[in-house]
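My questions will all concern the structure given below.
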């Protein structure tokens, strides 16, 4: 696997990995056309690999949110946390899922300057506060989401994406995970 | 289950839960003598329950750290993030695992005033920086952990505990999870 | 006196202290059943001892506030300022005066997650702002206290407790005052 | 007394004040040639008046510091806390005691741009940290003061001035104490 | 020219300066009665001297604001940015243009404690936010200026003064520009 | 001209513009193949247009820095200030001048995670500090640039770029300047 997937921990050899990790890595490689570096990186510790991607799968598969909303949350949170891997990799996913080639750069820089519906602006204001000042989130913040039209389960799901990427951003920066070159350009063409 | 386990989302009925959640909840109840509120709270969304506790299990079962070090990290991070549930519940666990009845209050308030070895002080300085300023963590911070005697895998494990509780603190505060009364007093007697 | 009362300044011998300090220390010792370390600590400089405890006496004896409200303010402010001595010692006093064994841990961690009346929530929101951003406190903050039912003199008294403990927290942390073991457990039983 | 001494609490009538307050106010008025507004302001609550000025007297009369060093600390701390009364009133005192007509404006704006000895720069760096981040002050900060030549008692005295003016700044801003016109211009002429 | 005009870059000799700079410096010297140090300082790089003072001239000559409003903005912004040169030099200009000998010290310390109309308070609240948190300025902030009576062009002009002095404060602090002694006392007499 | 060049001020008609602005706008349009929105935006106030672009020209034409270093500084500073227009427009310029298709996204997100020489890392550390905490920049920061190999004039030039874009970022965000679509994709292909 790509030895340069991360800068601060050794990337394991394929031959040392358990079968379930190999299978997941191969699936992801086939889907993307390349192996996103977060997979060889988390393979450093297989038990963490499984837990991390299971949580990620739960967020995207058992959710009340649109996939593009999930990616909007991820890019915004990762911008606040200055996480290179997540901004670049999920920026690519956001461009593709939202069919919006400019949105990722807007959200990574400043969601307040992005082209957003009022509802998504409220969602991302909440995401930024839960990221920056978790201890100050309270009834008023939850009420603002409700007024913007979010249901109880949607609020849980928004909070969960924000929370998991507060995990993810920290591991990616600590490990110095490197975004694959492909992510920088995917989904940028306009038509 | 305890309807007051959290303040901002409904707690599901036992009868609505899948078997694997019931089994885990019953095991935890037997172990602790009561049902810690984080279990009925996360049961709101079973797929998240599984992912969250699997990650937690990986952190405590497949680790190079002592259990008391894990709890020291959790209480310190949760203090920085002002998370009531995690400070109180893991404060109890820390008192018990470390057999140190004062340490949890010290770490939750200010790890700089706690009775710590130099190695643990370095570990917690790192934890605070990764929590407060994840984008500023870099080579110098990792080098400081190495100088304090931490191996590569120990650094990964430290970072993982910090990162997962940056998830956990946000969900607990958002959901307004309430610490069970038992946690406030467990492990406080000195002998 | 207890040589370990503080970590960064020498604790004076009883035989070197003026009579009025000895008298006060003996009174406090009799009342508490032990000598709270703040007394031998401030005895390092008798003129400061007198001024500090006179201010403290004025706050608690000539006041429009309930004693438990004073201790609520102190624990909250000391939590914001990460002051170990004050959180632990006044946490004990709060548990006793408010007959509320969980309230101190809640306020020290995050007053926004505590079980509070609306009036006390407003009081503590004000206390946190005056502690964190004194230069931004203005007419609107004072008006919010009035709307919550506080009289002019009560507002002065609230502000005074907050201000004195902004002094106290700084001296306790600078001197590395150590909470007596007794404070960690006082008032925790529920009946 | 001057009804405009403060903006948010009523200034008491002279005829309602206890004798010891009147005596102190008259002494101060004679010394300064006018009544500094902090005296009628604190007279709102005589027990606090006594405690506050007793502490202030202890700081200036029983001290290892030069009076100009005390005023340097006060102006710097009050600048950090954005306290108008203390910056202007103690700015005047600093100009007079230090015979340095520019120093107060320098310290109130930015002590890092002031004309200072290395020792005083270290003293004020410490004062700013104890003001802004009291919970982060530790052994290294105290060691830096020692290396700059400060004795144990001098460190206590520096810390005490900083701490008392963290009280004072908060009460002055809360009460909206107004600096007397005289303070703005005192001590500004060069010869 | 005054070699002590700044502390971190060499001040050029008059004989090395192009004619247009000499002319401007001589005009300013005649107007003020001394050479404000910002002129010899920026002469270090003549192309920057021209651009900087052209922008400054545009701000003061082609504007919808009163000159005293411009100086109020400058002193407030420079206070937030802790810029000694700009606080002292523009403090003098503000005292003169506003015929208000106390206003500069008030704004440099805390505009919230200054004697201001509601309109000017709104203008300075905006200036502080655009200085401290430029990325958070949005529609609501602009609407607040409109409600306070500012026209579209006035809002542009307010924003421009704030923005240019965010440039100016940074260059002055970096270069360690020293305020001329004259600025400290100009305009302080009351009649 | 493009009415959508900015969201909060009206864009003037070409027919209302003075000849020198038209000439500059036409030159820029020819060079880029489209009219970058910052030109019609600043044309709102022709005197500011001239001053702003004169300063910009001085920065890029009379400089000791490489053009790609200038753009590295701009993208980093604009990322810290969350300025969408500057990140996207100067991101494009950086990709082209540095022939480095990934560098802009890296610097806009977190210069600490970018592929940089040690010298450029020191340059950008300095740029971030001068942006975030201008009042704390001092001798040690300037010395760090010298140790990294920067000459006196290079340090002035670095500081000037940082300072001018602290102006620019504020005007662009206040005016809600919109990056042209072309900027998002320019210079992204690798060969």
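Chains: A, B, C, D, E and F, in written order; residue numbering restarts at 1 for each.
Note that in this section a contact is a pair of C-beta atoms (placed from the backbone, for glycine too) under 8 Å apart; a residue touches a chain by one contact, two chains touch by 3 or more.
Please read these numbers as outputs of a predicted model, since none were measured by experiment.
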| item | value |
| --- | --- |
| For subunit C and subunit D, chains touching each | B, E |
| Interchain contact steps from subunit B to subunit F (minimum; 1 if touching) | 1 |
| Contact-pair overlap exceeding half with D-E, pair selected from B-F, A-F or C-D | A-F |
| Far-end chain from subunit F, centres as C-alpha averages | C |
| Gap in Å, rounded to a whole number, between the CA centres of subunit C and subunit B | 29 |
| Approximate Å spacing (C-alpha centroids) for the pair subunit A, subunit E | 44 |
| CA centroid of subunit A to CA centroid of subunit B, Å | 23 |
| Whole-Å gap separating subunit A and subunit D, where each centre is the average of the chain's CA atoms | 51 |
| Interface hub residues of subunit F, defined as touching at least two other chains | 82-83, 110, 112, 135-136, 173 |
| Touching pairs - complete list by chain label | A-B, A-C, A-E, A-F, B-C, B-D, B-F, C-D, C-E, D-E, D-F, E-F |
| Contact set on subunit E toward subunit D in their complex | 79, 82-84, 87-88, 91, 101-102, 105-106, 108-110, 112-114, 173, 176, 181, 184-185, 188-190 |
| Residues of subunit E that touch subunit C when the two form their complex | 110, 112 |
| Contacting residues of subunit A [partner subunit B, same complex] | 8-10, 44-45, 47-48, 50-52, 54-55, 57-58, 61-62, 81-83, 130-131, 134-137, 139, 142, 152-153, 155-157, 159-160, 162-164, 166-171, 173-175 |
| Subunit B residues within the subunit F interface of the complex | 135-136, 138 |
